[in-house]
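Below, each structure is written out as C-alpha cells.
Common to both upcoming complexes is subunit A, partnered first by subunit B, then by subunit C.
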Partner chain A sequence: MLVITAISIVRVRKLFGVVMLSGVFSLLSALLFVALDAVDVAFTEAAVGAGISTVLMLGTIALTARTEKKPSHSSLLPLIVVIITGAVLVYGTLDMPNFGAADAPVQLHVGPDYIERTPRDIDVPNYVTAILASYRGYDTLGETVVVFTAGIGVVLLLGSLGRRRRRNKTGAEDV
Partner chain B sequence: MEHHLILRVITKILIAPIILFAFYVQFHGDFSPGGGFQAGIIMAVAFILYGLVFGLRQCKSVLPDWLVHRIMALGVLLYAGTGVAGLIAGGNFLDYSVLAQNPITGQHNGILIIELGVGVTVAAVMISIFYAFAGRPPRISDEDW
Partner chain C sequence: MAAVLNWEFIVGHANYWLGIILMMTGLYVVVSRGNLVKKIVGLNMFQTSVFMLYISMGKISGGTAPIATGNPEEVYSNPLPHVLILTAIVVGVATTALGLALIVRIREEYETIEEDNILDIENAMQRDEDREAGSMI
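Coming up: the complex of A and B.
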C-alpha cells in the first residue's frame, strides 16, 4: 500500500491530491512503525507527517500554484539513477541480520547497556524518553534549537515581524 | 469558513479534548509513548484548527504573534537553563541527577522540565509557521480547490 500511494503521488498532477496522498503515506508508515513496535516514532509520524505537514503544505499551495508543471525533459535518466541506487541499497540489506535477530549488532552493543542502566539511573518506564531526554540530552537540545531556528527562519522570510515593523514605521510617519 | 456550521460546532467540541490530550502526552511521556515533541505538535494542532475554522484574526486575538515568538524562545531557554542549573548545582551540563537530593528524583524533574521546554518550543514554532503561511494575502476561495 505504501508503494501504491507513492506511485500515485508521483502520477497525480493536482497538488491538492498530492498533499492528501502524502498525508495518507505518512499515516501508513505510522502503521508500519506500530507494527515494528516503535510506538514513539509512529506517534511522531502520525502527528507531524499526517497532521501538521499536510496543513502547512495546503497553506503553501494556497500561496503558490495548484497544479504541477509538465516536466520539461524526459524522466528516463532520473529513473535509471533511482533504480541503480535502489538496487545497491537492496544489495546492501542482503548481509544484514534478520529483523529482530537476537545476535544482531543492534541488540548487542549499546541496547543492553541502556536497558540495564535505565532502571538504576533514571527509573522511568519509557526507555525512549530516558534515552532521548537524559542520556542523549545534548542531541535533543540540538533538535530543539533546530526547530527554533526553523521557526525563526520562516518568521523572518514570510514575516509577520517585518510587516509589523513596516506598519509601525508608516504609523510614525503619519504622526 | 464562517458559513460551515457543522465544522464550527465540531471544532468547538474537539478543541478541549485535543488540548487535554496534548497535556497528557506531555506530562505522561515518561510512562507511555510520547513526549515534548508530540505534545507540542498536538497543542499546535488545536490552535491551527481554531485558526482554520474561525479565521486567523480570531486565533491571533487568543494567541498574538508577539506572544508566540516569546514562547518559542522561552522553550529553548527552559531547556538550556536546565542544563545550566545542572552546572550551577555542581554537575555536568544537562546532568539532572544533581537537581534534587535524590539523583532519581533529579532525573525525573530534569526530564519533565526539558520535555516541557521541547513541547513549548515545538508548539510555538508550528503555530508561528502556520501564522506566517496563513497570514499572507493571496487566498484561494473555498470553491477553487
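Coming up: the complex of A and C.
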C-alpha cells in the first residue's frame, strides 16, 4: 500500500492531491512503525509527518500555485539513474542480516546495554524516553538548536512578506 | 550466488528492498519533477523510507515495544534506532518548513514555482546583463 501511494504521488499532477497523498503516506508509515514495535516513533510520525507537514504544505500551495506543469524534458535519464542507484543499494543489502534476527550486529552492543542499565540508572519504564532525555540528551539539545535555527530562518524569509505586500498595494494605487 | 537466493533470504531481506523501492521513488520525484512543492514531497518520502529502514533493523522477532513490562524474560526491540529516528523526524519537519518558506519567497520573486520557468527567467536576466556590459565597452 505504501508503494501504491508513493507511485500515485509521482503520477498525480494536482498539488492538493499530492499533499493529501503525502499525508496518507505518513499515516501508513506510522502504522508500519506500530507493527515494528516503535510506538513512540509512530505517534511522532502521525502527529508531525501527517499533521504539521500537511498543514505547512497546504499553506504553501495556498500561497503559490495549485497545479503542476507538465515536465518539458524527458524523464528517461532520471529513471535510469534511479534504477542504477537502487540496484547498487540492493546489492549492498545482500550482506545484511535477516529481518528480526536477534543476533544481528545492531542488537549486540549498545541497545541491550541501555535496556540493562535503564532500570538501575533512571527507573523510567519507557526505554525510549530514558535514552532520548538522558543517555543521548545532547542529541536532543542539538535537535532543539536545529529547530530553533529553522524557525529563525522561516521568520526571516517570510517576516517581511505581509509588509511588502501592503507596500506593493499602496504603490499600485499611487500609479 | 544462486545458493544464497532461497526463500528465507528473500523474506528476510524484503524489508530492506521495500525501503529501497520507496527511497528510489522519492529520489525519482526529486530528480524528474520540476515543481518545487512536489520536490519537497519527494524529499519527505525519501526521508520516511530511511526511517523505515532504521526501525526495521531494530526489530527483533518475538520482541515487544521497548517499555518495561516487569518480566525479566521479556525480549525488547532495540530502542536506540527509535530514539535516533524520533530526533530525525523533528529535524526533518524543520527542514521541510524551511524549504517551503524558501518556495514561498521564490514564488514572490519569480511569480512561478516551476524549475524550468525560473531557469528561463534567470537566463533572460543574464543575457540582459551581458548586453549592458557589452554596450558600456
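Remarks
Throughout what follows, the second predicted complex is superposed on the first by the 159 of 175 C-alpha atoms of A that agree within 3 Å, B and C clash if a C-alpha of one lies under 4 Å from a C-alpha of the other, contacts with A are read in each partner's own complex, and residues count from 1 in each chain.
By our rule, a contact is a pair of C-beta atoms (placed from the backbone, for glycine too) under 8 Å apart; a residue touches a chain by one contact, two chains touch by 3 or more.
Because the structure is predicted, anything quoted here is derived from the model rather than measured.
In the superposition on chain A, A:T85 makes contact with subunit C only, while subunit B stays out of contact range. Look at A:G137: by the touch rule set out above, it reaches subunit B but stays clear of subunit C. Shared-chain residue A:V145: touches subunit B; no touch with subunit C. In the superposed model, A:V154 lies in contact with both subunit B and subunit C.
Legend: residue contacts after superposition of the two complexes on their common chain; A:V48 is shown touching both subunit B and subunit C. Partner contacting the larger number of subunit A residues, of subunit B and subunit C: C.
By the document's definition of touching, neither partner reaches A:L31: not subunit B, not subunit C.
Once the two complexes are overlaid on the shared chain, A:I115 sits against subunit C while remaining clear of subunit B.
Once chain A of one complex is fitted onto chain A of the other, the partner contacts of A:F16 are limited to subunit B, with no touch recorded for subunit C. Counting contacts as defined above, subunit A residues 39-40, 44, 48, 52, 56, 59-60, 63, 125-126, 128, 132, 140, 143, 147, 150-151, 154, 157-158, 161, 164 meet subunit B in one complex and subunit C in the other. On the subunit A side of its complex with subunit C, the touching residues are 2-3, 6-7, 9-10, 15, 18-19, 22, 25-26, 29, 32-33, 36-41, 44-45, 48-49, 52-53, 56-57, 59-61, 63-65, 68-69, 71-72, 75, 78-79, 81-83, 85-86, 89-90, 93-94, 96-102, 104, 106-107, 110-112, 114-115, 118-119, 125-128, 131-132, 136, 139-140, 142-143, 146-147, 149-151, 153-154, 157-158, 161, 164.
Contact residues on subunit C toward subunit A in their complex (touch as defined above): 4, 8-9, 11-18, 20-29, 31-35, 37-38, 40-42, 44-45, 48, 51-52, 55-68, 75-87, 89-98, 100-105, 107-108, 112-114, 116-117.
Across the complex, subunit A meets subunit B through its residues 16, 39-40, 42-44, 47-48, 51-52, 55-56, 59-60, 62-63, 66, 121-126, 128-130, 132-134, 137-138, 140-141, 143-145, 147-148, 150-152, 154-155, 157-161, 164. Across the complex, subunit A is touched by residues 25, 29-35, 37-38, 41-42, 44-45, 48, 52, 65, 69, 72-73, 75-76, 79-80, 83, 94, 96-97, 103-104, 107-108, 110-111, 114-115, 117-118, 121-122, 124-126, 128-136, 138-140, 144-145 of subunit B.
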